[in-house]
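In the two complexes below, chain A is the common chain; its partner is chain B in one and chain C in the other.
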Partner chain A sequence: MIPAALAIARVKLVLELRRREVIFAMLLFIAATIVIVHFALSGDTGAGSRAAAGMLWAAVVFTAVLGLLRTFAAEQEEGALDALLLAPIDRAAIWIGAALAQFGFLVVVEVVAVPVWWVLFFQAGGPSIGTVVVALLLANIGIALVGTLAAALALGARTRDVLLPVLVLPLVIPIVLAGVTATYGAFGEEVGGLRPLGFLALYDLVFVALAWGTSEHLLGD
Partner chain B sequence: MEPPVVTLTECSKRFGDRLALRKATLTVAAGETIVLLGPNGAGKSTLLRLVAGLLRPTAGSARIAGVDATSAPRSLRAGIAYAGHRSQLYRGLTARENLELHARLHGTRDFDITALLDHVGLGDRADEYIDGFSRGMLQRLALARATAHQPALLLLDEPASGLDADGRLLLDATLRAGLGTRTQLVASHDDELPARLGARAVHLNSGSLA
Partner chain C sequence: MRSLGRLSTTIPLVLSTILIPLTVALAFWWTPEDFDQGLSQKIFYFHVPIALTSYVAFAFGAFSAAMYLWKRTEVWDLRSYVGVHSGTIWGTLVLLTGPIWAKASWGVWWNWGDRQINVFLILFLYYCAYFMLRFSLDEGERRRSASAVFALLGIGLIPLSFLAVRIAQTLIHPVVFTSGGAAMPNSFLLTFVVGFAGMLSLMVLLISTEMRGKRTAARVLQLQRVARGEDA
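Take a look at the complex of A and B:
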């Protein structure tokens, strides 16, 4: 299953490299969000820095939804999803391949966005970057898994562009809570130590198991 | 006697208020070629997608080699090929890259992709993105993809649409090559195709088999 998932992820990443449809839009969106909130907070470095930590997570989630809306767009152009469904592969490979690609998109976006966020909000010292990076990586896995699952659910719906955020956002609230808590902790505040990171890892495992068990049915008729 | 490869039993498919296929019963023996004929909207594509396991019947059953088509195991899917109205290819990839992906999904690197593309007349366009391909070229590439892994069951939905005269000859030759050796189910508007192939014709009208 892994070779098939990697082959599907590779195709999606190659297509994005050639077309630059998804990542470019995600980058613009997250950069605009960070800059707008920076001005909205008027450079407040007290409560504002905590708000900025929360804002990063909200921006990451909404940016991810933007990318997730295009999860199976390439497969729908010429009906390639039919070929994937008929291929002698575990259907979970289709979902894992798509989730891997989404994970890659998020990482690329954050590699650009997090330094911008840092420079704008934390000139006078911010949270421990290591903790934030680990939290983001764990969160990316969860968002990609859940988001791809929701994208598969919404695939046949005429109103999928509306349905997808409605499905995804409630499911990622635990990720945002744990991410924000981990980021506050990275300021040196005692808000649970490594527990938020542990929670994010557990969340990822639960959704791997859930999606693995349901992908056969989700991606069919 | 070998069991039938395809068995539809009182198989119906409804899309909303519309009954696309009405209690269709059909068996296709191993090695048999059947041409499905009928006007647009007769239910040919629905029937093929049910056999491919891409649709779930609303009532009745669609089975391949005795197994429910929608839950066909990987080993069975490895022997099925379906080419529908759309090419099932990735725009943004070249012709060669599309066939390479097909090979990877079938767990093999044994396909001679250059030979396949030459066979369907696309050898000199192998490394072009398919975005610029005409309908007929996409059909040729879809045919190459569908037959690359030498399926035991070939399902083609109006494969001649968009093909030029040479393309139609290629399609006829491909179908002839499969006579008796693989099971073929072809939806077509070409009333003469069954006679040309010496195949059984099955007529569909308004979702019902004649």
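Take a look at the complex of A and C:
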């Protein structure tokens, strides 16, 4: 199962390296989102402010949804999904592979975007970057998990592209809540310590378990 | 079987026609006026039972979804849909009655510091998306299992939202409002229990009536097919 999932993730990453369909779009999108949120909250997102810290989370979540729109798209267009479903591998492997690839895309985007965000807003001091990185990594796992789940559910839906954000966004509200709290906590204020990070890990575990239990029914027959 | 079907609507019909007016009577004529909140506290006997009942309906929807994934019979899919559907209708009532109470006792229509109403909002948004998912898939096995998986995931979302809101809240804002649950006088508690029982039986009535409607519609479709000579 693990080798099959890794193989599927590798296919997706290689495809992305060759076609560059998703990551560049995500990078431009996260930049535009940060600029829009900054101007929309004009005056509140000055350097070193909490709003600037929260802005990152809004941008990450929306950018993740953009990337998710292409999950399973290549398989569907080339008819590979039927072959994958017929292959003698665990159904869970298809979905875990897709989630791994999605996680990879998010990490690549954040490796570029987070340092830029940091320089633009926090060069004069801000949250501890270590906490923010751990929170983002845990959040990426959760977003990739529930996002891929939702994308699998929406496969074959008539309005797939409209549907997916509506399915994913309510599911990731708890991630945003905990992520923002962790980032505020990383300002060095006495807020909660490791609890938000613990929550993010718990979120990942709960949805891994739920997705594992239902993966037989996820992709259809 | 048929008489059982009737009983499942008759009993809740009788119960709710007795209990809901009784709640109104008890709330306005029997329970003393709340020392702190005055008349506006009366909405407690309706708002909170409606909210709890709507959680019960969502739980029923999720339970039926699990049963569908296990048993694979269409009736569990219908039950799951009807549960989520009724939960959403009652959820709308919760989101309407909540702000009325909030405005009267806290002076604002929406209190972003209140834990319950914010968790409820997340859950409501989530289950509204259920209908979008369900109705953009073609009828059949794929739609039934996708709807069931989505309804079931809500069970994970409820406790996680509670935790997340709590973590974010106790850390960012102090919790200002605590419910005086333990300090409730007996007459308040009894009226609340009657109200809850009334709302629950109304919910059972709604669910069983909608189920009957759905089954009748399916039967009519089948008979039409037979009449056209398509299949038996």
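In this text, the second predicted complex is superposed on the first by the 206 of 221 C-alpha atoms of A that agree within 3 Å, B and C clash if a C-alpha of one lies under 4 Å from a C-alpha of the other, contacts with A are read in each partner's own complex, and residues count from 1 in each chain.
Assume a residue touches a chain if its C-beta (ideal position, glycine included) is under 8 Å from a C-beta of that chain, and two chains touch if they have at least 3 such contacts.
Because the structure is predicted, anything quoted here is derived from the model rather than measured.
Applying the stated clash criterion after superposition on chain A shows that chain B and chain C can sit side by side.
Of the two partner chains, neither chain B nor chain C is touched by A:121. Counting the residues of chain A touched by each of chain B and chain C gives the higher count for C. After overlaying the two complexes on the shared chain, residue contacts for A:105 are found with neither chain B nor chain C. Between the C-alpha centres of chain B and chain C, as seen from that of chain A in the superposed arrangement, lies an angle of 90 degrees, given as a multiple of 10. By the touch criterion defined above, A:57 lies against neither chain B nor chain C after alignment on the C-alpha atoms of chain A. By the touch criterion defined above, A:14 reaches chain B but does not reach chain C. When the two structures are aligned on the shared chain, A:159 is found in touch with chain C, with no touch to chain B.
Using the contact criterion defined above for the overlaid structures, shared-chain residue A:29 touches neither chain B nor chain C, since it reaches no partner. Applying the stated contact rule after C-alpha superposition, one finds that A:174 touches chain C and leaves chain B untouched.
In the superposed pair of complexes, A:149 makes contact with chain C only, with no contact to chain B. Nearest C-alpha atoms belonging to chain B and chain C sit 6 Å apart in the superposition, given in whole angstrom. Common to the chain B-facing and chain C-facing surfaces of chain A are residues 220-221. Chain A makes touch with chain C in their complex at residues 146, 149, 153-154, 156-160, 163, 166-167, 169-171, 173-175, 177-178, 180-181, 184-185, 191-192, 195-196, 199, 202-203, 206-207, 210, 214, 217-218, 220-221. Partner chain B is touched in their complex by these residues of chain A: 3-4, 7, 11, 14-15, 18-19, 74-75, 77-80, 82-90, 220-221. Against chain A, in their complex, chain C makes its touches with residues 69, 122-123, 125-126, 129, 132-133, 136-138, 141-142, 145-146, 148-150, 152-153, 155-157, 160-161, 163-165, 167-168, 170-172. Contact residues on chain B toward chain A in their complex (touch as defined above): 52-56, 70, 74-75, 77-78, 80-82, 84-93, 97, 101-102, 104-107, 138, 145.
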